[in-house]
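The chains carry the letters A, B, C and D, assigned in the order they are written, with residues numbered from 1 in each.
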Amino acid sequence: MDSKRRVLVAGAAAVCLALAVAPAVVSPFLVQFLINLFMLAAMAESWNIIGGFTGYASFGIAGFFGVGAYTTGVLLTAGHWPYPLALPAGGVFAMLLAALIGIAVLRLKGQYFAIATLGVTETMREVVYNLEITGGGSGLNLPMVQSPLPFFYLMFAVLLLSIAVNRRIATSRFGYGLIAIREDEDAASAMGIPTARYKTVAFALSGGLAGLVGGVFAYWITFVDPTEIFKVSWTLRTIIMAVFGGAGTVLGPVLGAAVLASIFEGLSAELVNFAELGSGIIIVVVVLFMPRGLFETVRRGELSFRHLLRQLDEYRA
Amino acid sequence: MLSLQVLVNGLLLGGVYGIMALGMSLIWGVMRIVNVAHGALIMLGAYHAFFTFTLLGWDPFLSLPVTIGVFFVLGYAIQRFLLNRIVRAQLFLTLLITFGLGVVIENLARIAWSSDLRQVTPAYQGAHFELYGINIPHVRLGVFLSAAVLSLLFLLLIERTKLGRAIRATSQELRAAQLSGVPVGHIYAVTFGLGTALAGAAGALWGMLFPITPTMGGPLTLKSFAVDVLGGLGTMMGPLVGGLVLGVIESFTATYVGPTYPNLLSFGLLVLILVFRPAGILGPRGLSG
Amino acid sequence: MLEVKNLCAGYGEVSILREVSLSVGAGEIATLIGANGAGKTTLLNAICGLLRPTAGSVAFDGRDITGRRSEEIVSFGVTQVPEGRRLFAQMTVHENLLMGAYRRRDREMAADLAWVYRLFPRLKERQAQRAGTLSGGEQQMCALGRGLMAKPRLLILDELSLGLAPIMLDILTDAIREIHRQGMAILLVEQDVAVAFDLASTGYVLENGRIALSGPTSALRADPHVEKVYLGL
Amino acid sequence: MTTIFEARAVTKRFGGLSAVSQVSFTLREGEILGLIGPNGSGKTTLVNVLTGALRYSRGEALFRGRSLRGLAPHEISKLGVCRTFQVMKPFRSLTVLENVMVGALFGKEGGARDLASARALARETLALCELLPRADAPADGLSVPERKRLELARALAMRPSLLFLDEVMAGLNPREIEEAVVLVKRIRDAGITLVVIEHVMKAIRSLSDRLMVLYNGEKLTEGPPQEVLAHPAVISAYLGRRYKEQPSA
């Protein structure tokens, strides 16, 4: 490994160590913030597989997040499954559902794919809303767990898993296939890439990971209701973090999540009322000035104000 | 007789659905932008009607033209100074920026007017009349007729006027429109202005039927999606047909299946249509590319 | 009338035009020939304001129109009939022609419309028909008619002969001669060397973004290089 | 030399208009067939049908006796029938080397399936196409001739047995055309059968063993270059009516 990579790995190890020790040391509020940060980062990483690498901007990540949460929740409560079984089951079910939906929805492109995945999420919410087993409109209660510590490590583990999956993809034949599909699907198909199969696998992986995150979230919050868990803002906040950080890179989405989550958290601490407003303004500013994402903009050394203004003209009417 | 009443209720509601979706379909047809802030603009329209009604005492139907004018200017400004900069960016950036815009509008409304429910209650709120045993409230009929008149005026503008020709030309062949001397940036701004005006009007009408809150926008954006896709995205008549059809379907589902099922149906329909007949009822074939 | 001097243009980092100069005199027909990918359409887009040139200048009737917006350039009297016709497919033939006159405020539009219908009687028959339903040749007539409706002083035709049946080509070349007789200057961008040399008095040969040869078409016709590159005999 | 490829009455209709109708031809192993015809004569449409990008309206094609009709593009390229694109389609955010690696990774069966051997094969192919110095440059920074060679290198890295080259010489100046001709000959000497679609007559004449002419979607004629190019119908169809009849304007 050349020196640059050795430094990178050492840095990552140090971060992991610090985070592992953190819960014992740091205030309960910060623990909650870190769990939330891990969750958002893991969601951004899972979206990155289909939205970043493959270039298919799915607006349905909240759907699989919700499916995972509900599946784990139902297995835990009605099914009396032990959590260590219920959680992975939630992820696997979300993955299978994503594969099934993917086969149909991935035939669409661009705006149509986005609207279809948005519709999928809405349909999932309405299905859950009308089912007995999921507690219908009143939601689902899960058994309480006293300390948030297990969720701190669990969510961190899911984040590491999602980063590992992204890394594995980025440095594999499958990853090159996905990137080729993003860049030019016709050329990719002509060069021997089974595009339909690759897209479906990417969509399933993305859905499965989001399902896992949902499974941890459900048990952490111990209450799940359809309107809250399937909210469109889950999806869009995930996407803006991935895009802001740098979609299509391994660590970009995590960086984006870390920066934006801190800003959103900071905002909601001081000006409670204006947090959402702040996040809306940030989204508009990021898309206008840094459409390629923070990661890419920094890498190209274009963080200066002059470059940002030039960015404004690139996509003018 | 019940089914006739349900049908009429569905049609009356379908009128508002149609006008709501028409604004989104226009913006999509001309600029290929999916306006996620559409619902937030509808919400603003409802508040605008509410305040002109409560503060100035204007009748909500009579204040419609004012709403349309104000929202046209608002829409023109949004496109001219914000969206024209990213109109050629990749898809999900346009989706993201309109989502950000929607969040900003929604939260400004929440901060400015708080979250408690508002309702436009003109004097004739309760009045209704019977026709062959069917109960027709004045307000609902008024809303339907206004929506119908607005749609007609809009279609005439698009089909008969020079401006309408320029808008259609730009949506069908951008380069040829430029080479014919059409100022495309201005036409985009006018188009977004018209779309926003329609959203504002739809909001004013919606506010007479249902409670007004800052968060009413989100579901309305999705409903407009469903109507447009059902009717045929990017076509002129599609949204109006889609609105009536969805209004009737939801009305029947609510009555015969259960009050919580209409949304399940409309979103399920949205996905099924996109996958199997993306062109919708009226749209040309092969829009899935 | 049209003066292009040392024009450079391209997309992103890839520069396509390298110091191109050409001119079209008043009432003259000039032609620009070259293989596809040589930069012909890029040059036209730079002239007509669809693409901002990176260097050089474009002047029309002495007025500098470099980098001006396309709608301004149309109102100065420069109109381009684009490659591949690009009609407004869902709109009727009549509406397509009206769109050509979008910038005009004067009264003679009705007279011009009548003239276009006399020039192309078949368009008159099909005026209420949707442009997308016309045959290739008829679409080309409609595109040409749309350009004429802008009452240009310089008409630029990009690949008029593309995919046309010979008889249709004859009708259109006759129409061009008629238009030229009305005093209009024409810049003909063509792949069909025969048509180009038949109509135009001066010619420019564009190769890989550079003007390789220029001069009267009678001289160019006999030039070995032209024969070698464009016929390959 | 054995017949490697056979097209039988290949037809493609869009609505009423048939872009390609009843085109049949055969290819012998290691041969170069030149495919010429005016714009809109159906050349690219024919390639799109044969390589699976478009569905057949009628007819079929056999590669080493096996029918290609109904196969998806990636299945066809796995058999060793590959193509380049007339409108170049580089993977912009990837480097030149990575573009070619995609070809190596997903080309004919039994090729380089791990990144290391794909990288090595890609380097070799870039050397063949004289693009090695540009290996680490982003694909969208290349000049027109370089992009043409990238298209070629990507297809070569798939180790094809039969390669359709769609206007790899369009827009090149005479010197660049000479280099491209040398390169294509080197590919043919590596045992690859080629169908070359070009407008540049000089290149077509020196490269092709046989020439096929398409006009309005139909096969006008086929045969050795000298014979085909002197054929009166080809002259008038390809050059346009009047060039030869009245040389003096």
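By definition in this document, a contact is a pair of C-beta atoms (placed from the backbone, for glycine too) under 8 Å apart; a residue touches a chain by one contact, two chains touch by 3 or more.
All figures in this text were calculated on a predicted structure; none of them were measured in a lab.
Colleague: Going only through chains that touch each other, what is the minimum step count from chain B to chain D?
Modeller: Tracing touching chains, the least step count from chain B to chain D comes to 2.
Colleague: Sort the chain pairs by how many C-beta pairs are in contact and tell me the top one.
Modeller: Pair with the most C-beta pairs in contact: A-B.
Colleague: Taking each chain's centre as the mean of its CA atoms, which one is farthest from the centre of chain A?
Modeller: Using the mean of the C-alpha atoms as each chain's centre, the farthest one from chain A is C.
Colleague: In whole angstrom, what separates the CA-based centres of chain A and chain D?
Modeller: Distance between chain centres, rounded to whole Å: 42 Å.
Colleague: How many angstrom lie between the centres of chain A and chain C, each centre taken as the mean Cα position?
Modeller: Chain A and chain C have C-alpha centres separated by 52 Å.
Colleague: Could you tell me the distance, in whole angstrom, between the mean C-alpha positions of chain C and chain D?
Modeller: 31
Colleague: Using the touch rule from the top of the page, what residues of chain D touch 2 or more other chains?
Modeller: none
Colleague: If each protein chain is taken as a node and each touching pair as an edge, is the resulting graph a line, ring, star, complete or other?
Modeller: Ring.
Colleague: Tell me, which pairs of chains are in touch?
Modeller: Chain pairs that touch: A-B, A-D, B-C, C-D.
Colleague: Over in the complex, which chain B residues touch chain A? Could you list them?
Modeller: 28, 32, 34, 36, 82, 84-93, 95-97, 99-104, 106-108, 110-111, 184-185, 188, 218, 222, 225-226, 229, 258, 260-261, 263-264, 267-268, 270-271, 274-275, 278, 287-289
Colleague: Considering only the defined contacts, which chain A positions touch chain B in the complex?
Modeller: 51, 57, 59, 104-105, 107-112, 114-116, 118-120, 122-123, 126-127, 129-130, 136-137, 232-233, 236, 239-240, 243, 273-274, 276-277, 279-284, 287-288, 291, 312-317
Colleague: Looking at the complex, which residues from chain D come into contact with chain C?
Modeller: Where chain D meets chain C, its residues are 39-40, 140-144, 167, 170-174, 176, 199-202, 204-205, 229, 239-243, 247-249.
Colleague: Which bits of chain C are touching chain B when the two form their complex?
Modeller: Residues in contact with chain B: 48-50, 69-71, 74-75, 79-80, 82, 86-91, 95, 98-100, 102-103, 146, 150.
Colleague: Over in the complex, which chain A residues touch chain D? Could you list them?
Modeller: Against chain D, chain A makes touches at 171-173, 176-177, 179-180, 183-184, 186-195, 248.
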